[in-house]
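Handing you a structure now.
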């Protein structure tokens, strides 16, 4: 199989765009920046599609097994004989799929932003950051080396930080960007230590080598990592858990999710790209990348499963009460990523039981489209009403028909209504859960109902319900804003028909998903129930919903306050880190450590002050000291030596 | 003569030495301090003469040293007295305690 | 004998000039510039002549001998005197007793020459006195200042006392060995109590002159009271000469007692460094500060002296050379400022750099050299001193010395701070510096920059001593 | 090439500065000197690599030897290995940037540039010394100019800080002196000739008791320079009071003198003692890392923030040294270079902000991105580098240290490593706090509105340093290849 | 006890007694007279030791020179009649302690050493002293003699400069 270095261009074009816009955008390029960004992404997306076509259809390997291909690889930094960071491009079904998804969604977002961000002061900066993000995300998905993925992991983190904080003069945006970065950074700490464990444990940082050394039979590295244990848990489990923590942080899994809702302070297209379609699924991608290793450790798989389930349920519940439309979407994202993760958790590695794996990545694929669509629609809505709050909206279907339609499609897709994209992927996840663990299945089922409910709550509140007071009627926006909605809407409808299992499996061997119509009844029913409930409560303006929420009392309030998780974090950081550690550390430094230095100086001065009396200015005293010195020395030499 | 041991002469000179020293330590008048110093030097002279005579009569090192010490003592006394008189003339006091402005 | 005779010749030339001087009838202050030119030329010639036609051998029995090392030492002292004389120009130009000043100064230098080139205790004593008594008179040369007289009084009283004690010790040494010759001494020492006592008193005599603690107490008072040039002379030339004597006395004459000497040296070194530095910390008068600093420097010198004989001697002589440049550099500025404005306290020097950048840099470099900061020579001097101190594997001593370096840095930097950083309310006005002081300061700077970096200086001294 | 040139150029230019008249000439000479020196350093890099390519595998290249004090066997001996070359490059970058940043220093500018260039002379000399005496000489040369720079051109409680810095650094060099003396006195037991030559001593084996006695002196002495806990308190005060260029030099180079000394002297010459004391070093380094980071969180003055973060970052240097694995030591060297560039950039940015706002108090600043976008971006870049973002130098260095540290299998080392890793989170907290408040957020003071953005010299300085940081962060392999053999030799015996 | 011994002890008593009085009496003029006594006693001791030349020098220089000088200076400073002020008790005690302890230490050391005198005759005739004084060879004292003369010259100059009444003072 021959791939040429053009693949590198997929990454390098956005990078070039970033450098160009970042260095010269403001002064030289100005309003053309958006065009530059879009052109770059078009090229990149085109190349990605070409690569995918090549990978899946042209250069089909013998036996039809899609293997990992590494067309490019350079040693970037050598740590020691075995360990080095290599910069390379890894093509396997998952990464190729991700390449397409990322470039495509990014292109859509770029397009949308052309109109959405028009007139912003830092227009070119915005596109520069978007390009930077795209570059980093692409780098992340094609990583060949666990350290490479960590690097790009950090880079997407920082691009996310920069983009969330785009409206830098808004204190809330600054706070949100900070929070996002720090929380994910905290998770990355786990990732880093996990990398160290895996790297030193296996003697390699290369994905392929790590996987083969840890899964191959009778490998000394594998045995070594399993037998060494710390606190009763094997080194391997530690390492995987820590790596997973990294992934969970990026993917906003409970309890590291707190940054995601706040991250909605960023421009909405950014949320569509980063906090819906691409970056937040990095955790899923990471687990999938190391899936062979993860699947050897049932305990960690359980952890992944239950983290996913809890996040899915938890986020869905909270989403029902939020009134900021972007926050609802954010929680919905978290919930959907929960799905993907537990699907991985319940999956196996062999062709037979890998439904979960396939479903997870399939859901990732479809979710990228409909969730970015949802966000872009939300963006369009916000652009229209200049508010994020549901109560400021309503009855917008007449004003923005295309948006309305797109949003509806996306809602149906996420609710798992056939034949929209979400249906197929969710179906597969539920099937995997059913095959593996019943409690998981039931929870997932219930959650899918709740999902439908809150999505349609959102939909009805925005497009139906009461009439919003619009300040100015400037229509739905430019073509560049509508086009992405249309394209993504189409994909959300037909995306599910893609024969995913034939191409993307954990082993590379094509399989095919079996659709049991009977199995689909329950989920679809749950979905419809959710929609209907939402219809009853929210289709028309009424106070029914308020009554219900009032009747739940504390439960509702705590739900509305997101179960006080933020407060706990605040307590930990403010009260413990700052007050209990930071302050004492600073105090100690100033008063004890520095104090000791100053005291030693002052003591010297004090002693010098105390002995000044010896220099009394009186000749006779001098003479007495003189003779006393002689006598002392003599006595010392004679008797005390 | 021989029944007086050399050590006795040395005791004498040592005693004189420390008497002089005591005087130097306690007299507040500069001129009396100078006298005490003369006592000190004289006791050393006794030592030199006695050693020379009783122990090393071959050479005359001790005797000569004594002569030079006497000379130097005179010179020293002269300069000291000049300084004292200058001090007195300018400040009307030869109390050593009054001349302790330079200190610490 | 050549150096001494030359010096004597200069001395007598001055004496005759004094005699032939026309009595001053006008009664106003006279300008002695002409005389100063002559004297400085004579001293310069004297210094230059010191490098040529140096014989070796002994005269007058064991009373006098000369060797290349001694010639070098005398040249060092000559150089120092020349520099001091140049620096004193401003002060002496209108001084009434300038002839007498030079006569006294040169007679003390003569005393030192005799002192360092003798092998006889009696001669040593005479040299010592010759280099002390006129100095006491010199200390009084600010005739209308009380503190000058007080300083002179303290000096003459205490030096008389100290020489009394020293003589007592020498007499005991004579009594127990029967010789005055430093050559014969090592063969006759037996380490009896009386000899140890004598050793201690001799150390005390040395210690008094070089102001080692606890024999140092006169130093600060006299330095503060005496005219700045005399202080410079006291702190550099007088000390240097004694150190030159101390080395052979300790390493050769008292060789059998070297274990005892070592103990004494270590104790004195520690006490001197610590006390000198502690007192220097809170001084406000610059001259007084330098007095204590010079005490502390002696502590470091004693550390070096406690090392093995060759390295110890080399490092001490080398340091004396460097210390001469450094201290005279500092005193040169102080002399100038004191002579032209009468200001001596550190506070007066605030903002000095803004008015006299050149002088303040000279002072700063000199202080850095004293503090042992490279690239100026003081660093090398201190390094080799402590280094030879470590030669005896007494690292406690080295550590204490190293700590004292830090303390000493504090007060030097305090002066630097006043010079460069503080804003003075009434800074010293820009000073007109005449040729001679300028030349002297230039000499000091050149010395400070080359004596260290140019390693052959050390090598030269090393060869002088190793080939002795 | 002749390494003496590296000393000659700063010397000539610093003396040249003194001989000039007027601000223009001073600037021209200072800039020329620094620029030529940078060119020379790059040429040195080229020559070094060329020599290595040719297969010259000597430990030190371009050795020059002059018997300085023959009677004591003290030599002026210079030469470079990869580590030295890296440090020289760092110095050249920082000094040139420092000259550029201080372009508008018009108060006593002659003295200012003289001291700055003279200071760099000390650093260059230190990094090329192969003889302990020469090394110590240059170490001390680099102390006093700092005192003057801080005391005269500084701000805040400058005299106090300058004094503290000078005294503590002097204390450090006093300890170093004791260590060096001990090494010298116990060297050459075989040949009977004491020596200061690093290569010769390294070839011998100092007795164990000697190593154990003198290692703490040498290490702690150099450690003071590199902010070894608990001897780090000169860092915050010194850095914050210093003028911009001096801060840059202090944090960027001066602190590296210590790390380099620890490696070159303490660890190289006394490897057994280094192993013996490594746990103590690791504990102190870890404390410095964590404690420095937490203390940074509470600071409200920008320079204090960077100063404390320097303590934390230099902790990585010491951690790497203490770990004594090839990778960790290499990481320590990389961290020295990285931190040097990064912190210099940080101080430059802070200085640029300060010259405009006349305050460094975080509370009083805000929203500067709006008025001075270039400087603000520089600040952000420095911050991101500081928190170890890939693509910048900090990441490369820290990761190398972590990997190297993790190579030890013991729980003790692992815990230390984990704690050190944890500091990257705390770093993120304080950096983002500062960035969030100062650069982003609403503009606090409308008086800041008319500020002009960076002038050409400031831009040049920032670009220079950013270029260095990015060059190291994007393409670390060349630096890695440069320092790896040296690091391997230090711990490889 | 021979007469010689008795003479010695008497002389000793004179020297020490007069010396002690000289340093303790409160009247300065008396102090000078006691000093004179002590010095004469020492001269006597030299006679007793049969070193007449030194005894003569002692009388000429000390009694005839220094004591007279001191007495003159007492007159010059107009202190003769007044009682001198007592020094502080602390210093007296310290001085006493230092002196007594030093004395005991020195005496014990001397005693320990136990000098044993030899019985060779000691020739101290003036002619020999004179020859040696100006002998430049080994064992001669010409150089010290010259040095002392320079010292005397220097001291003289010093005294003149310092003690000379200056014009300003006269006015």
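Descriptive notes on the structure:
Chains: A, B, C, D and E, in written order; residue numbering restarts at 1 for each.
What we mean here is this: contacts are C-beta pairs under 8 Å (C-beta built on N, C-alpha and C of every residue); 3 or more make two chains touch, one makes a residue touch a chain.
All of these numbers come straight from a predicted model, not from anything done at the bench.
With steps allowed only between chains in touch, the distance from chain B over to chain D comes to 2. For the pair chain B and chain C, chains touching both partners: A, E.
Chain D has the Cα centre that lies closest to the mean of all protein Cα atoms in view. Counting C-beta pairs in contact, the chain pair with the largest number is B-E.
Between the CA-based centres of chain C and chain E the separation comes to 31 Å, rounded to the whole angstrom.
Centroids of chain A and chain C (each the mean of its C-alpha atoms) stand 76 Å apart. Separation between the centroids of chain D and chain E, computed from CA atoms only, is 69 Å. Look at where the CA atoms of chain C average out and do the same for chain D: the two points lie 42 Å apart. Contacts with at least two other chains are made by residues 87, 91, 94-95, 98, 102, 105-106, 110, 115, 139, 141, 144, 148, 151, 155, 158-159, 162 of chain E. Each of residues 10, 17, 20-21, 24-26, 33-34, 55, 64, 68, 72, 75-76, 79, 82-84, 86, 97, 99-103 in chain B touches at least two other chains. Contact with two or more other chains is made by residues 167 of chain D. Pairs of chains in mutual contact: A-B, A-C, A-D, A-E, B-C, B-E, C-D, C-E. Contact residues on chain E toward chain A in their complex (touch as defined above): 87, 91, 94-95, 98, 101-102, 105. Residue ranges on chain C touching chain B, taken from their complex, read 122, 125-126, 129, 133-134, 136-137, 140, 143-144, 146-147, 149-154, 156-157, 160-161, 164-165, 167-168, 171-172, 174-175, 178-180, 220-222, 224-225. The part of chain C that touches chain A in the complex is made up of residues 153-154, 157-158, 161-162, 165, 193, 196-197, 199-201, 203-204, 207-208, 213-215, 217-218, 220-221, 260, 263-264, 267, 275, 278-279, 281-282, 407, 410. By the touch rule above, chain E contacts chain C in their complex via residues 105-106, 109-110, 112-113, 115, 136-144, 147-148, 150-151, 153-155, 157-162, 166-168. Within the complex formed with chain C, the chain A residues making contact are 601, 604-605, 607-609, 611-612, 614-615, 617, 619, 621-623, 625-630, 633-634, 636-638, 641.
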